[in-house]
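Below are two complexes that have chain A in common, paired first with chain B and then with chain C.
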Partner chain A sequence: MKLKGHKINGGRVEGEAIVCNDAFSFLGDFDPTTGNCLIKSPELEGKSMIDKILVCPTGKGSSRGPLNTYRAMKLKKSPKAIVCIEAEPVLAAAAMVANMPMVDRLDKNPLEVIKTGDWVKVDGDDGIVEVIHSGNQSPFHQ
Partner chain B sequence: MTKEEKGMLNGEYGPGIQRSMELLVKLGEAFGAERMVMAQSAHIHCAVSLDLLSELTESATQCRVTTTTHANADPNVLDPIGCKRIGIPESYDLYEFIHGGPWSKVVDIFKRLGYLLTNTCIPFYVGNLPKMGDVISWSGSSGVVTANSMFSASGSRDSVPANVATSVTGRVPSIGLTIKENRYAQVLVELDRLDLENFTNADYGALGYYIGGKTGSKNVVINGLPKTLTLEQFRYIASPMPVSGATSICHVVGVTPEARTLDEALGGGKPEEVITVGRDQIKEAVDKLTTAHSNEVDLVKFGCPHCSIIELRNIASLLRGKKVHSNVRLLVATGKQVYTLAEVMGYVDIIKKAGGVFTDCCLGSQDPFNTIGPKLGVKIAATNSARSAHYSARTSGGKIKLLYGSMKQCIDSAITGKWMTT
Partner chain C sequence: MVVQLTKEEKEMLAGEHGDAKRMSMELLVKAAEAYNAERLIPIASCHLVLSFQKTALKAGLETAERFVKLGAKCVVPTSIDTSSMDFERWEEFRFPRDFMEDQFRMKKALEALGAIPTWSCVPYEGGGIVPRFGQHIAWTESSTAPYVNSLIGARTNRVGAYEDLASATTGRTPYYGLHLDENRLGNILIEVTTPLTPGDYNVFGSWVGEVVENKIPVITGIPEDVRPLDLRYFGASGAATGSLALYHMPGITAEFRTVEEAFGGKKIPQRVQFGPEELKRRTEKMSSVPGGKMDLVVIGCPHLTMEGLIDLANRIKGRKVKVETYVLTNKVCKDMATEMGVAQIIEDSGMKLNTGCCAWSPVELCGFPEHFTVMANAGKQAWYIPSLLTQMRPGKVDVIYGDVDACIDAACKGEA
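On to the complex of A and B.
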């Protein structure tokens, strides 16, 4: 499935999705030394975000979030890209300083059509996100 | 873009300014900016990483706008003996891993660029005071909401890398609150029979905490506050708003320069929503901030945001000739410029003699006691800052419980070791 959206940061990558249903902050929700997610939920806590595609509604929290993505990039513990409903400047800067492609304002709600574990291609240059569902998690193969 | 801005982007001004301009241009494009605007002021978080700072400022000789640094370097600087006595480790480096290098090298770059090493969250008290219409790029959400609302400067929710980029390029992409139409209030707050004449700063803090929790990222206007509202009182209203909510601007009718009337604050339109705050709502906020079920106080803290000279005077006058209880730590946070004035005035001496300890670190999200407190047996902290109370409860993982009340209540509890409700 191809979703058309809006470029926040350029570049083309692909990887496994990690879906977070709440606004995300790289300060507090993410540990740049391990690359793990710190959100207290059974599906997310302790889960590695390294080389994943973060899917979330928007950003929130401290202006220092981008310092954590930059640090994670240097330690090779960073996610690969961000797909969100509506970007805000702190989450966008987090993507920019760590060279993560980022796309928002897609024609479908990414939280509804992307599941954790799905393979996702992110084209930040053209604002396109392609979702390739993994077998057992695909809503079309249940 | 102007010729000069294009030159920055093309690398004519060196690789750091080029990298900074690239970031600002990317942000501008992502959020639909039509152009770059000239900035007048920047304020930089001390937790900026050495490598990122180097990258964004490489070969830049001086910052282009007045730039100050935020709180959060080393808590021991102002009062090393006092800090040691109450258990703050000497080699405290909160951001060692984030800095990616020693703090002294960060300081070298700050100095080379002419960043004023104020290390405080109240830049407007120490030489970085924007006027109406000035465009700013600041770290610290309480400073941003104060600058937008009290001085009618234009500061948006910004990231630390963008703050650095603005300091060396003197530019901000025209997004967010730099655009007049984005500044008008969306939510109107009306006050219902509040006893404002006897309002303490803690009451104002509860008011802000309540409003932030109800309005999220919406622009707010408060109607019904006296025109004599002080900057100090407003700081107490404003500072908790971005933590219970995500407020960037809170107009006060008759006080905010661009909100001489309610109509002006609303841009001639109608509010999307009207909220009424009375005594029940203030109590609701105080109850939310009060998480302790015992009255045995271990820590009393003032200075989130950092104390003004008037607050230090008031603390000194309440503490004169008294002693802080042996079970209690009293921590007072302020910037070193304010501290120096308080020293001249004798306030520092009075507070220290009573057993108080000074720091210029942050007592909000980075309060050192949020992490070391539980190990030192600090279970209950009292404060008159809603912002500090909110953060302590969370960043200590609930291990520190809070008591919330006026400066007088807090000082009384520091002296007796017991919290008395009024």
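On to the complex of A and C.
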């Protein structure tokens, strides 16, 4: 399925989605030294975000978030891209300084369409997100 | 949308004013494109958050030193947010030596860039800039943005780290979001139907942050005698649990006189109430443990300035604390408090002034046991300490929230 949206930051990547249903902050919800998610929920806590596509509603919290994505990028522990309902300045800066393609304002709600584990292609240049459901994934890819 | 740049901005982007300005301009143009900003605008001042916390400090330091090497300078008055360490008492407070070295390198780099060494999340009461109503600025730090936008009526987005440095060294910010009249109108009404104590503004702020997300709340039911100090706690808490950057309290904040005005004369799209029940439920959520013994008490997030320090001295005079207690403030206020004798009263109680430092840094860095408990008087710390610090270090950190009086009592008794 292809979703059309709006470019926040350019670049084309693909990877496995990690879906967070609440507004996300790279300071508080993410550990740049391990690349792990810190959100206290059974689905997310301790889960690696390295090379994943973060799917979330928007950003929140500390303006220091971009420091953490930059640090994570240097340590190769950063997510690969961000897909969100509507960007927010701090989350957008976090994507820009760490070279993460980022797309928002899609024609469908990404939180309803994308599930954690789905393979997602993000085209930041044209603002397009393609979702390949995990139902199609190889049984060895678990 | 193509961002319209002036001749000078085009030159900066082309590298004709050096590599630092080119990199800065590239980031600003990217941000402008992302937000469909038609152009950049000049800013009058800037507030930087580059220096903070173990991992983020390394990231900020690398960039700051690179900018220094490239000969960059802040071209508008630029203040600096909290450090993660007291530059004078770091050894006494057990800050690790390697961290201390990085923090001093950061200090040197930011001074070389020409930033004002406020080292405070309350720079406007610490030798930094006080913007005027309607002035375009680029300020980071989640708690300063709601304060200067709402109480003063200056105009800033919640600028992220790096974009702040880009703005400071070029004097520009993308013209979008809260810089535009139409984006400053309220879009959710919050009716407060319960009396609030000064400490309750932390609780109310934490609740508001979660409820409004990216919206701009118009808030009624706040008494006229509310102090800026209380609203500072409110904004800091709301910007931690959510992304509160601007709120209107007609008759109290700067921009609008009435609720109708704050909604631009339009129909109110959403209404919520904050009553005794919401206050009770959110208060219970503030602490990760209901009470008991604690290992550390931190007072002042945002930094206590003169009003808060004098108030604290009056309350603590003649008492002694049994628990390590840090009072966070900035250098200008510490110097004045010292001159007034206020600092001595606080120190005589056993509390320690931790100057220029963020309330959570000692919790992260100063060698506390693996599982320990902090008591804090701030909604922002109550939110960040258990969520972040528990994960950033081995073991577990619990937090007990209480207002200043509760923190003093607990520090003197050794438990809450």
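What we mean here is this: the second predicted complex is superposed on the first by the 135 of 142 C-alpha atoms of A that agree within 3 Å, B and C clash if a C-alpha of one lies under 4 Å from a C-alpha of the other, contacts with A are read in each partner's own complex, and residues count from 1 in each chain.
Everything below uses one rule, namely that a contact is a pair of C-beta atoms (placed from the backbone, for glycine too) under 8 Å apart; a residue touches a chain by one contact, two chains touch by 3 or more.
All values reported here derive from a predicted model rather than from experimental measurement.
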item	value
Fit or clash - chain C, chain B, common chain A	clash
Partner chain in contact with A:F24 - chain B first, chain C second, else both or neither	neither
Touching partner for A:K40 - first (chain B), second (chain C), both, neither	second
Partner chain(s) touched by A:R64 [first = chain B, second = chain C, both, neither]	both
Contacts of A:E86 with chain B and chain C, given as first, second, both or neither	second
Which superposed partner A:K74 touches (first chain B, second chain C, both, neither)	both
Of chain B and chain C, the chain that contacts the larger number of chain A residues	C
Chain C-contacting residues of chain A that also contact chain B	7-9, 32-33, 60, 62-68, 70-71, 74, 87-90, 92-94, 96-97, 102
Of chain A, residues touching chain B in the complex	7-9, 32-33, 60, 62-68, 70-71, 74, 87-90, 92-94, 96-97, 102
Partner chain C, residues of chain A touching it in the complex	7-9, 23, 27-29, 31-33, 36, 38, 40, 57-68, 70-71, 74, 86-94, 96-97, 102
Contacting residues of chain C [partner chain A, same complex]	27, 30-31, 33-35, 49-50, 52-53, 55-60, 62-63, 140-142, 145, 157-164, 177, 209, 213-214, 239-243, 383-384, 387-388, 391-392
Chain A partner contacts - residues on chain B that touch it in the complex	23, 26-27, 29-31, 45, 47-49, 51-52, 97-98, 100, 139-141, 156-163, 175-176, 246, 365
